[in-house]
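Order as written gives the chain letters A, B and C; numbering starts at 1 within each chain.
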Amino acid sequence: MAILSVSKLTKTFGGLTAVSDINIEIERGELVGLIGPNGAGKTTVFNLLTGIYPPTSGHIILNHDGNQKQLGGLRPDMISKAGLARTFQNIRLFRELSVLDNVRIAMHQNISYGLLSAFLHLPSYVREEKRVLDESLKLLDIFDLTSKQDEMANNLPYGEQRRLEIIRALATNPELLLLDEPAAGMNPAETAQLTSTIAQIREQFGLTILLIEHDMSVVMTICERIYVMDYGKLIAHGTPNEIKSNPRVIEAYLGEDVNNA
Amino acid sequence: MDTATKAVGTNFFNRPTVRKLLILIAIYIVVQVLIWTDILSAYLQVTLITICINIILAVGLNLITGFTGQFSLGHAGFMSIGAYTCALITMRMPTIWGFLIGIVAAIILAGIVGLIVGLPTLRLRGDYLAIATLGFAEIIRIIFVNLDITNGAAGLSGIPQFVNWPWMFFFTAGTVMLVSNFLKSTHGRACVSIREDEIAAETMGVATTKYKVTAFIIGSCFAGMAGALYASYFYVIKPEFFGFMKSIDILIIVVFGGLGSLSGSVLAAVVLAIISTLLQSFADLRMVLYALLLIVIMIFRPQGLMGSKEVSVAMLKKVGKSLSFKKKERG
Amino acid sequence: MEQFLQQLINGISLGSTYALIALGYTMVYGIIKLINFAHCDIYMIGAYIGYYCLTVFKLGFVPSLLIAMVLCTVLGVSIEKVAYKPLRNSSRIAVLITAIGVSLFLEYGMVALVGAGVMSYPTMTGVLADQYKLGQITISMQQIIIVGVSVLLMILLQFIVKKTKMGKAMRAVSLDADAAQLMGINVNATISFTFMLGSAFAGAAGVMVGMYYVSIKPLMGYLPGIKAFVAAVFGGIGSIPGAMIGGYFIGLVEVFVSGYVNSLYKDAVVFAILILILIIKPTGLMGRAEREKV
């Protein structure tokens, strides 16, 4: 059963059509890639999926525990509660806050004490805060950031900031994780590390992942299926091998070098 | 943010909460003794109460503007709602129960108006929000000037005075403690995340509008409480006391202390009251100097005294070390 | 009917002054996204400069008007250079607070200099004291001058914005300052020029209001400033035609509420209009919605 069903998704801004007629199906547990030249509308698709823009037309359906949920038009925080999480292309960490707080904020929707308990630090506060702290530290540990927990997010080196983006998204306890160019700006060693991390977290957290990436070494290695966009439309869809040899894709985006990836 | 929430189960006297409690008790006792022995003159007592009221106002505004990033220029409006509510009640029920009911009513009414003002305006961006809150405060003031029950521009006088040091200390310390606790909770963190990056916060599951309104209501409640306390000490209130200038006065304290620092607000309230007292004889110059202070701070040190940090033991130790180091240098 | 026409005339003349002040707010907001809280105080200082020109230097109305406009221009540009330019890359709250600081500085600086009380413009003589009667309706020469000067200045502004290089630069910087700079536009000069225009208009409004309403005081700018700002928001903040339309709208609303409802609530109505606009259509009549790129 598809966990995510996107049909005829279209978004126009005034006179400009950013994306049109996007159809995507993702099965539970898959790792799917979304590639295409800059300006193709990939991040716009992510923004539509996560509720930052309402769709102009089309449907986004999330299949959650057998329940179908229409995501189109919902607020981002509602979509997050439904089980969708994302990272941002241009890192959007809470810069002046500590690494630990960045993670704890992402756990907010799963914390159960109310305002009264917050004001008076009642037992439910103490209990839940301890749980949140433990779980946050566990997550940081997986990604080797425990020693930096009190560091201000802004002060982290770039690679660690990207890692924190991912940790933060994981902390919302998602079913479906959207990664927007997680390897941007990384050198080959970091990229290889990232590739194995993505595979690892998919296993460990039972995630389904949709990945936007320009680095073909990542995409071709771990993606089971790939969607290709150009000028706001889907131009191809298939397995990595099918995509590699698709003439339309090569012309629009890949060029001849992809066979070396 | 304070990671002292992690320090559980250590030595009893090292526990941050116990330390803070002891400091609070010490402050209370010291000041009370100073009052009993008349060392603190009547004039200084007025200054003290004013400082406390300003602390409550500044902490409330800091929650809205410094911690949640919503620029409110109408804080004095909520103070006036609290002041009038409490005054009207205690003038009809001049007992200690009347006073307490007055305070509770002040808080509730200010909160309700905060909800009414906040819901439509908190969707707006920074500058628009500032003007909208300013507009609302002005509307409130004009209403009070034109209502019979509030006695119009002449205001209310002869309000029963119930506020003394013990009450003031209780409410001030209580305010700071409650807001501090709130900020260390997930709800407080949600508010701060909105300041940092509203879109990211919403994407991570924070209902941003709900929390903006929540912070706004909480801040307004405390402003209402401060107004009630003001009325119950200074026994005269007029609409003109709660105009744009009052909102600016509070904003200056918050900015000077540091947007995002509770201890900064406390410190700034004290320092600015001292400066104000020193400049008593130059009343006109006082506003000009305040204005210059605002401009200079924003250009040269926009983070104010404390930035978004709080006074902590670690910080005091550092200050102590650098002072003693300087002494050594001088020989 | 006649009362209606009289109110109309009063409203148009009041609206002219609001339009002049509103233009300053809208142009500055359009170009650097700042609500210039100090703008209404430049209007106040214009009134005082006019006062001193008329009483101390015994100059005529026109020279006083021109001198006030020039000196306000200098003041406006200086404020921008000293207080706002250093904060070009700071947060919006920081610049807003600074603008408030400048406003307070001007207001209370004036109080310290001349006292908080009211001062009066000398009574106008000669042509300026003329009144024209049309049945029950009176139009004073001063009202004609106010409307005339305002319309003239607005036409001049439209010409500058549409037909000159600097005007084009203003529009470009409003849309995208970085792109404008890459196109070779001197952004700093453009911003200064914008402040110049806005301040000159505010100064002119100050002198004319001083002449018409006679009394001036250091805090006179606050209320007209807010109303002119509401006018700018109503018309669409950043839109020059919007500010003009807004100014007349608010002027007329104020006069009609005062005449037909209750003059006590005329100010509250303007604030209520502000709240309504912000809730219903924050971009105003002619404004453009801004989108944040994610």
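Worth a mention:
Heads up, the rule we're going with is that a residue touches a chain if its C-beta (ideal position, glycine included) is under 8 Å from a C-beta of that chain, and two chains touch if they have at least 3 such contacts.
On a predicted model such as this, the values are computed, not experimentally measured, just so you know.
Among the chains, the centre nearest to the mean of all shown protein C-alpha atoms is found for B. With centres defined by CA atoms alone, the chain at the far end from chain A is C.
A straight line joining the Cα centres of chain B and chain C is 34 Å long.
In whole angstrom, the spacing between the mean C-alpha positions of chain A and chain C is 49.
Separation between the centroids of chain A and chain B, computed from CA atoms only, is 40 Å. The set of chain B residues that touch two or more partner chains comprises 199. Looking at chain A, residues 52, 88 sit in touch with two or more other chains. Counting only residues that touch two or more partner chains, chain C has 294.
For chain B in complex with chain C, the residues that touch the partner chain are 65, 69, 71, 120-121, 124-128, 130-132, 134-136, 138-139, 142-143, 146, 199, 244, 248, 251, 255, 259, 284-285, 287-288, 290-295, 298-299, 302. Contact residues on chain B toward chain A in their complex (touch as defined above): 1, 3, 5-6, 8, 178, 181-182, 184-190, 192-193, 196-197, 199-208, 214, 308. Of all residues in chain C, only 29, 33-35, 83, 86-87, 90-98, 100-105, 107-109, 111-112, 222, 226, 229-230, 233, 264-265, 267-268, 271-272, 274-275, 278-279, 282, 292, 294 touch chain B in the complex they form. Those residues of chain A lying in contact with chain B across their complex are 50-52, 75-77, 80-81, 85-86, 88, 92-98, 100-101, 104-109, 111, 113, 115, 117-121, 125-126, 128-130, 132-133, 150, 168-169, 171-172.
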